[in-house]
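Encoded as structure tokens, the structure appears first; notes follow it.
By written order: A, B, C, D and E. Residues from 1 in each chain.
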Amino acid sequence: MEYTITSIAPIFLFPFTAFVLNAFFGRKLPREGDWLSVGAIFMSFVWACRIFSDFIFGKFSTDYYVHKVFNWIDLSFGEQIFKIDLGIYIDNMTAIMLLMVTGAATLIHLFSTWYMKGDEGGYGRFFIYLSLFTSAMLGLVLADNLLLLFIFWEIMGFCSYSLIGYYNKKERAGYASIKAFMTTRVGDVFLLLGILAIWSVVGNVNYVDIYSAISQGLFEGKVVLGISLATFAAFCVFMGTIGKSAQFPLQVWLPDAMMGPTPCSALIHAATMVAAGVYLSLRMYPLMQLGDITHFIAYIGAITAFGAATIALVQTDLKAVLAFSTISQLGYMVIGIGVGSYNAAFMHLITHAVFKACLFLSAGSVIHAVHTQEMPQMGGLRKKLPITFMCMMLCTLAIAGIPFFSGFVSKDRILGDALYWGLFSGQSKVHFLVPFLGFAGAFLTAFYMFRMMFLTFFGTPRDQHVYDHCHKETFSFNRNLPLIILATFTLGIFFSGSLTGQGIAKVFPKGGQEWFKILVEAPQVKKFESYTKEGFGFSDTRAEKSWEKAHYHHQSGYAGINPENEEGIHHAHVEGAIASIIIAFSGVFLAFLLYIRRTISPDKFVNPLRCWYEALRRKYYFDELYIDIFIKKVLLKFNEFLAFVDMGIYDRFAIDGWEKVNRVLFKASKWFDDVVVDSIAVDGTGTSINIFNLILRIVQSGKIQLYFFILLFVLAGYVWTLDIA
Amino acid sequence: MFIWVLFLISALLILGTSVAALVTKNIMHSCIYLLGTLLGISGLYITLNADFVAVTQIMVYVGGIVILMLFAVMLTGGKEFVSKGQQLLGLAPLMGSKSTYVFGLFGALVFGGIFAKLISYIVKLPIDSTEQKIQSTVESIGKLLITDHVLAFELSSVLLLGALVGSAIIARPRRES
Amino acid sequence: MILNLLTNLSYYIPEIVSIVTMCALLFLEASYKASEKSRTMVFVASLIGLVVVLFSLISNMSLEPVSLFASAVVVDKFSTLTKILMTLGTLGVVYLSYKSKDIYTGLKSEFLIMAMGVLVGGMLLSSANNLLTVYLGIETLSILSYVMSSFKRHESSSTEAGMKYALYGGISAGIMLFGMSHIYGVLGTIQFSEMVPLLKELTGANLAVMLISFVLFFVGVGYKIACFPFHMWSPDVYQGSPLPVTTFFALVPKFAGLAVLVRISFVFFSNEGALQIGWIGLIQVVAALTMTVGNVTAIGQDSLKRLLAFSSIGHVGMMLLGVVAVSESTTRIILFYSIAYLFMTLVVFYVVSTISDKYGTDSHSVIKGLIYRHPLMAIVMSIALFSLAGLPPFSGFVAKFNMLSAVIESKYYALAFVAAINSVISLYYYMRIIKMMIVEQPETNEKIETFNFINQALITVYAIPVLFLGIFWEKIMLISDGAKIFIVP
Amino acid sequence: MIPYIAYLGISAFLFIIGLAIMMSRKNIVAILLGIEFILNAAALNFVTYSKYSAHNLDGHIFALFIIVIAAAEAAVGLAIVIRYFQLKETVHIDEASELRN
Amino acid sequence: MSGLLNWILWLPVIGMIAILFVPKDKKDLIRTFGVVTTSITFLLTLVLYAKFNTSIGGMQPEFLIKVPWIEQFNIFYSLGVDGISLPMVVLTGLLFLICTVSSWSVDKQVKSYYVLLLMLQSSVFGVFFALDFFLFYVYWEVMLLPMFFLIGIWGGENREYAAIKFFLYTFFGSIIMLVGIIALYYATGKGVDSFNILALQGGHFTKEVVTLFGTEFSFEKLFFWAMFLGFAIKVPVFPFHTWLPHAHVQAPTAVSVILAGVLLKMGTYGFLRIAFPIFPMASVEYSTVIAVLGCISVLYGAFCAMAQSDVKKLVAYSSVSHMGFVMMGMAAMTVQGMNGAVLQMFNHGTSTAMMFLMIGVIYERSHHRWIVKPDGSKGYGGLYSHMPKYSIIFIIGMFASLGLPGLSGFISEALIFLGIFNRFTTITVFAVLGLLLGAAYLLWMFKRMFFGEASAEVKSYPDMSIREVGYMIPLCVAVIVFGIYPSPILNVMKASVAQLLDLLGKFS
């Protein structure tokens, strides 16, 4: 079966068309066109399934990809050559992403039709943005180069902005939307710089060209701003990830982004957009390695994973807990990238997308039912919302890293790789800090997720009014079906091909392998060494070359330092798995003690650590640091200062100045004439010679003798300067 | 010898009266000193063989302009504006005040500079100083006035006519609305 | 020999006609009682006389250049064209004076007499070819001007203006004479044509004296055209004088002074050497300073007349740039500039005169919101002001363009930049007037109805060349190009 | 033979005196008087040069014209001064600064 | 076809004369005349676009017009169009059409307003068409006159100051340029081609020397700076930018649109048409300075914009910032950068026009433009929920302006950055911050104006009328279409740009 552009593009075009149609005619359509969006994304899902199945069952190889290129901008004329080609690039990773995105999006769209119902004036708008967002995300996944990726990346940012600011009558929504857009934009700007840096070496930013350039050593010896260009580019690209995936220190936007409607949080701020940052880093993994910033990445991930988890401990807002848990989980993915756990990081991306989407949708279901987001006002809801509770529980188990659930499979593999990376790969033992923080974070995750569950669904209603207000949940197609489907996919078996992720049972035919491990490998730049630009083009390259087999270890999917030491990796994985199981359960147990049995009062922890607690509640003062100090005190003051200088000083004095000087001199000379000369100089004649305002007033003072004098004076000047020799 | 004597007398007259005209307090005296200077100059003209010019000088200047000036002084009251107690170093009040002196002195100095430069070159001029025979210039001047300088001669009448009419217009006491 | 002097008298018809007109006016004025009728008669007579002068001048344009009266004067195309300009300027002023309230009714005919006298002086000056005629010309211009500027006999300001003019004129004439005397002393002659060959052979002390003397000589000319530092009388005099007189001063004496300056520069300084370097250097400095002082001081003037005085100083600085070049194009560009300047000035003064007649003051505030009160006047005035500032597509731009190109052709780049910056400064104060006329709201909504059809037609006629010469300037340029200085061999 | 520089010196002296008068006296008539000194200085120069270097009578002619024109100028100038006095009752030069910036 | 340029150039004048004969009181007739004239002109520019031969780098021979004007000086009335000027011409046609429509609500002295507007259009076309230096200069200056009056008469409270400032500033630059023009005339020996912009191109003056104050300067360098000053003020580049906020704030809506949309482009157009090709050596040598100034403009404009509480002033400063990008793109002297710069000229024209039109729309309702009033209270607030149509169009304009991919601003900025990174890496790193700041001030402004509850006053504003939406739609379409597919513009310009780059390449 041949892939043509027309057989792939619909994935992107369906939601895009829905967007266009809804944007123009949405208001005139029945139900404001929501069916159009849902239908479109479902069609995309079907298409994605087709591609996925092709990739899984058709070839089942790591080397399989489709690359279509078409010319977007061609500035070449004569000797001046410049082209920008855009294209579609599908390999296994893309196929999986497509499936995840379309699947999650379909379900979330569906859920939205329930959740957003009755929202006056905004219902249609919501679906417009949702469609646009989905198409952008699909475009990003399909893109074959960083520029196109960047384009969709930014469009997603725009959609995120719009959806966070969806409730535009709330001032806070406005703040949150700007904060989200601007914070990610910081990362975006760096990403753009990274693209520029790469472009300056490679001549374009196609993934394959970048890999090829890396393998050919084109980056070597290039220096930018005193550091190696590779490091610079890698750092900049990773900054994109930091911004989009809400990593430290740009994590501040994501909690506020919860101002948006819950389905949009589920789709954008949990499942897809934030994961796009990780996706970018995965795509550019060879560059990260070349630029030697993997340690940096690992530490950023570790700090984020642990720090966000600590903050999540004290949140009382249901969505805020989820938001911080999202940040934390994204931190794990980033740790995965940093430590070389490529495959597991991507897997965690997918699993996280599923369970976090489900968590958010469940939260949405709860919030919609009780009309509050504050957990202290909930409690005991499991009787009123049984289906939601069940789904949410499954997801919580997954995220907490309980065995047999997807979260365990992926997170544990990341932690195992991190353990290997920190302890056994032969580098400094100091780096044990990364797995340590990872494990600590895992413990906290288990704790706070169950804290959330316990506070929400267990115990007795704390606010009877809210409880009474909540209707008993009955199965509804668009409310519960998405939850159930998503919850189903939190089972680890779908991802690992085994129950534990440790190869207990094999499901798929290609013996002894998890399908993830087979399908997803770190990009092997060596394969692209012989690649030349002409080799690609407008054709399907599937059959053209049989690439060399991958060099990495299939067993572990590990791509970091010393991947050959399979023994060590395996060893670390076993240790990691044991540790994380213990940790997960102990976390759950602690939560149980605190919030169900109440044998230990939370105050026991809070009181001695009062200031720490306060810091957590204030999210480590990042908002204060950024907004109050950096933006308000520094940036705005600086701006006001500059604006004042510009209009008040520069413009007034340097530009209008000569006129003002004239005026001032005029006044001064008048004063001089009237006061000084008249009172001090004899006779009040004003005939004293003052050079101060020679040209202006005294000169033209109407006193003819002064005129004479000036005449003579200047004349003498002329005569004396005459060069007679 | 006559020439030398005339020259010396005229020169002394000029120097003396001109300085006096500058420093005197009284405007009327000043006019009279001007008269002396003009006479001195006509004396110099005589030493320079310029008989016609000398005579015209006396006639026009002495007979016309100075009288005009005197009339003007009389018509305007002849005040010299000196305020007491503000004179230079409290010494003899000559004609002005400190500032006017500063002013006049400065001006003179400045122009003195020009002269210094000019004269430093003029003394180097190769000028023929041989004695010439004294003869009347009236006839030649008359000829020149109706040949070479006829245009200037004729057009100066326009000037004089204009000046005449102009002075009449301005000084005419008639008041219109 | 005497008859020989008269053979070329036909060249001198314009001057003779002017003098005759002047005398005729005098007689007319004397023989009729002061009444509206006699004033009209004098007015018509002067118009007729001026038109005849104009036509005779135009017919002179086709004649070959000659020197007359034993080389006392030269009649060449340059001088003839300058005379045409002066006559046109006088013509423009004649009607202005006739209708202006700034000149007492009883003095209107005297004004015309004086104006004819000044015109004669200007004509003499523009074709002067020896030191005596230069002196006589300048003095004729000056002395009659003193009278003209104190025409408002009952206002001390006017008299003060005349007095200042006289005093300043006296001192500068004295200095000029002093310089002339040394020129005469060194060269032994007062004829330009005899001086030229002698000048070439000068060396040492002679040359030094000569240079200084020429600088002193320049004082007299510079005073007439009001260039720095001899300009200081002009704002006071312009402000104090009646408006038609100010207009007249802005045109006729300036053209005459420029003509003589150009002639001197060409006759004496067209050969390279120490003299030329000294002279050109002098003019450069003077030009730059004149422009700057004129334009800078014009900012912040409240009196329109005073502002225009300073602006005309600025324009003189511009015109001096043409003298700096001393090249083939000098006469052409100076003449073109003068032509452009003539019409712009006429328009501006015409409007200012009308308005200050109406309100009795020439302060800025009276032109506020002129566009609402008399659109035509405001539009024409802004065209003229834009033109004065040197904006295309008006004639002022072409004039400035040519001026700059002459300077740049001679590679005086610094001067060109100074000139450029000066035209920005000048734009600033012109814009303030335009702003007041067009942008600001009027203080009263009263229409200006005294401005009748003849007036409207007249300013339109004045404004047409301002616009037309900005676009189709080739013809005039060719005519001016033909007007070369005739150096008597 | 009298050295020509003597004449020139006298004329220069006169000139400076004239300037000094013009610049320091406060009476307008006195200033006009100063002009006469200056003009005379110039005329004296002309006549001197006429004898010593030029050997022609152009200098004399010039001097004559200077005298004539000086007379005209003085007449007009004095007329204006008198007019001014009639209007302002003063001939102090610094009072005459009505026209100024 | 050869008369097409003449038609485009003189049609507005014909319309202007026609309006002059319409009585003052028939306001609608005058407006109709104005709109008809500009729409025909716009159609003609589209015809020009359609007839354009993209494979020719230089002037399109088909459209060249050359008639002697002043033969004595070798001045010609000479018009032509190439790939660099064509986008500007089309933009001019479009924006003037929109402006005449949007000015329908102007009620003060309608006749003079339309006369001046059409006069302005003709002179702007003249600048873009002129191939004769003298003609160029004349149009360059003539354009100032209607502009002065349009700002001065129909502007805001402080209009007089703004108008004079605009006029003087520009005049200062252009008069210095005039010195350069004349110097070139004499440097070429007053020949037939001395005022011919095309013939002057190619770096004929690299060896000439100029003496100024006794020091020798290279002719090329000295007069490059003269031209630089003239164009940089028009662009405007820091530190010559201060006229812009005043002019924009005070100008009426349509004039702001023209000013930002077209007139600023004349500065950069001047660089591309005149300064670079005529003085290639100096241009290459001083490209760093241009880039640095561009970068400073970007940042400085953005910083200043952030501190503004007047929305129009904010957008005005954003223009400074965006034109800084154009300068940088030109300074890059690479194919991407240069094309990006020209594209940015076009795109900034559309996006900033949108912003100004939108501000005009709200101004007509509220009669103020404060984001935050001087007393600290909110100027607007809640527009989003109250005026949905307005908000959506505003969002499109705003995001196009801040460079959102998919809208027009992004691709040109990206091209510029791609072009400049290799040459001026450090500058790029700083300039990229401009994108960040650009987003910051625009979004912050948007937040303050559009979010929150609508006050009673805001609730009294009607949403956009059909006319208002009507004239916004072409711009929206342009912003979106050229954001997604910029090739229709890039294709016409690339040959000309390539030719320019070939020339510059010889000197780098």
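Operating definition for what follows: a contact is a pair of C-beta atoms (placed from the backbone, for glycine too) under 8 Å apart; a residue touches a chain by one contact, two chains touch by 3 or more.
As the structure is a prediction and not an experimental result, all values here were calculated from the model.
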Looking at the contacts, which chains touch chain C and chain E alike?
A
Going by C-alpha centroids, which chain is farthest from chain B? Tell me that one.
A
Busiest interface, counted in C-beta pairs
B-D
Greatest Cα-centroid separation from chain D: which chain?
A
Would you identify the chain whose C-alpha centroid lies closest to the centroid of all protein C-alpha atoms displayed?
E
Starting from the mean Cα coordinates of chain A and chain D, work out the distance between those two points in Å.
92
Quick check: how many Å separate the C-alpha centres of chain B and chain D?
5
With chain centres defined as C-alpha means, what is the inter-centre distance between chain D and chain E in Å?
64
Between chain A and chain C, what's the gap in Å when you average each chain's C-alpha atoms?
76
Set of chain E residues in contact with two or more other chains:
none
Shared-interface residues of chain B (touching two or more other chains) are 100, 103, 107, 111, 114, 117-118, 121-122, 125, 148-149, 152, 156, 159, 163, 166-167, 170
Chain A touches at least 2 other chains through residues 666, 683, 685, 687, 696, 700, 702, 704-705, 708-709, 712-713, 715, 719, 724
Full enumeration of touching chain pairs
A-B, A-C, A-D, A-E, B-C, B-D, C-D, C-E
The chain C residues in contact with chain E across the complex are 386, 390-393, 397, 401, 404-405, 408-409, 411, 413-414, 416-417, 420-421, 423-424, 427-428, 431-432, 434-435, 438-440, 473-474, 477-478, 481
Looking at the complex, which residues from chain E come into contact with chain C?
70-72, 134, 137-138, 141-142, 144-145, 148-149, 152-153, 159-160, 163-164, 167-168, 171-172, 175-176, 178-179, 182-183, 185-186, 210-213, 222
Which residues of chain A touch chain D in the complex?
666, 683, 685-687, 696-697, 700-705, 708-709, 712
Which residues of chain D touch chain C once you look at their complex with the stated criterion?
15, 18-19, 22, 28, 31-32, 35, 38-39, 41-43, 45-46, 48-50, 52-56, 58-59, 61-62, 65-66, 69, 72-73, 76-77, 80-81, 83-84, 87-88, 96, 98-101
Once bound in the complex, which stretches of chain B touch chain C?
114, 117-118, 121-122, 124-126, 146-152, 155-156, 158-159, 161-163, 165-167, 169-170, 172, 174-177
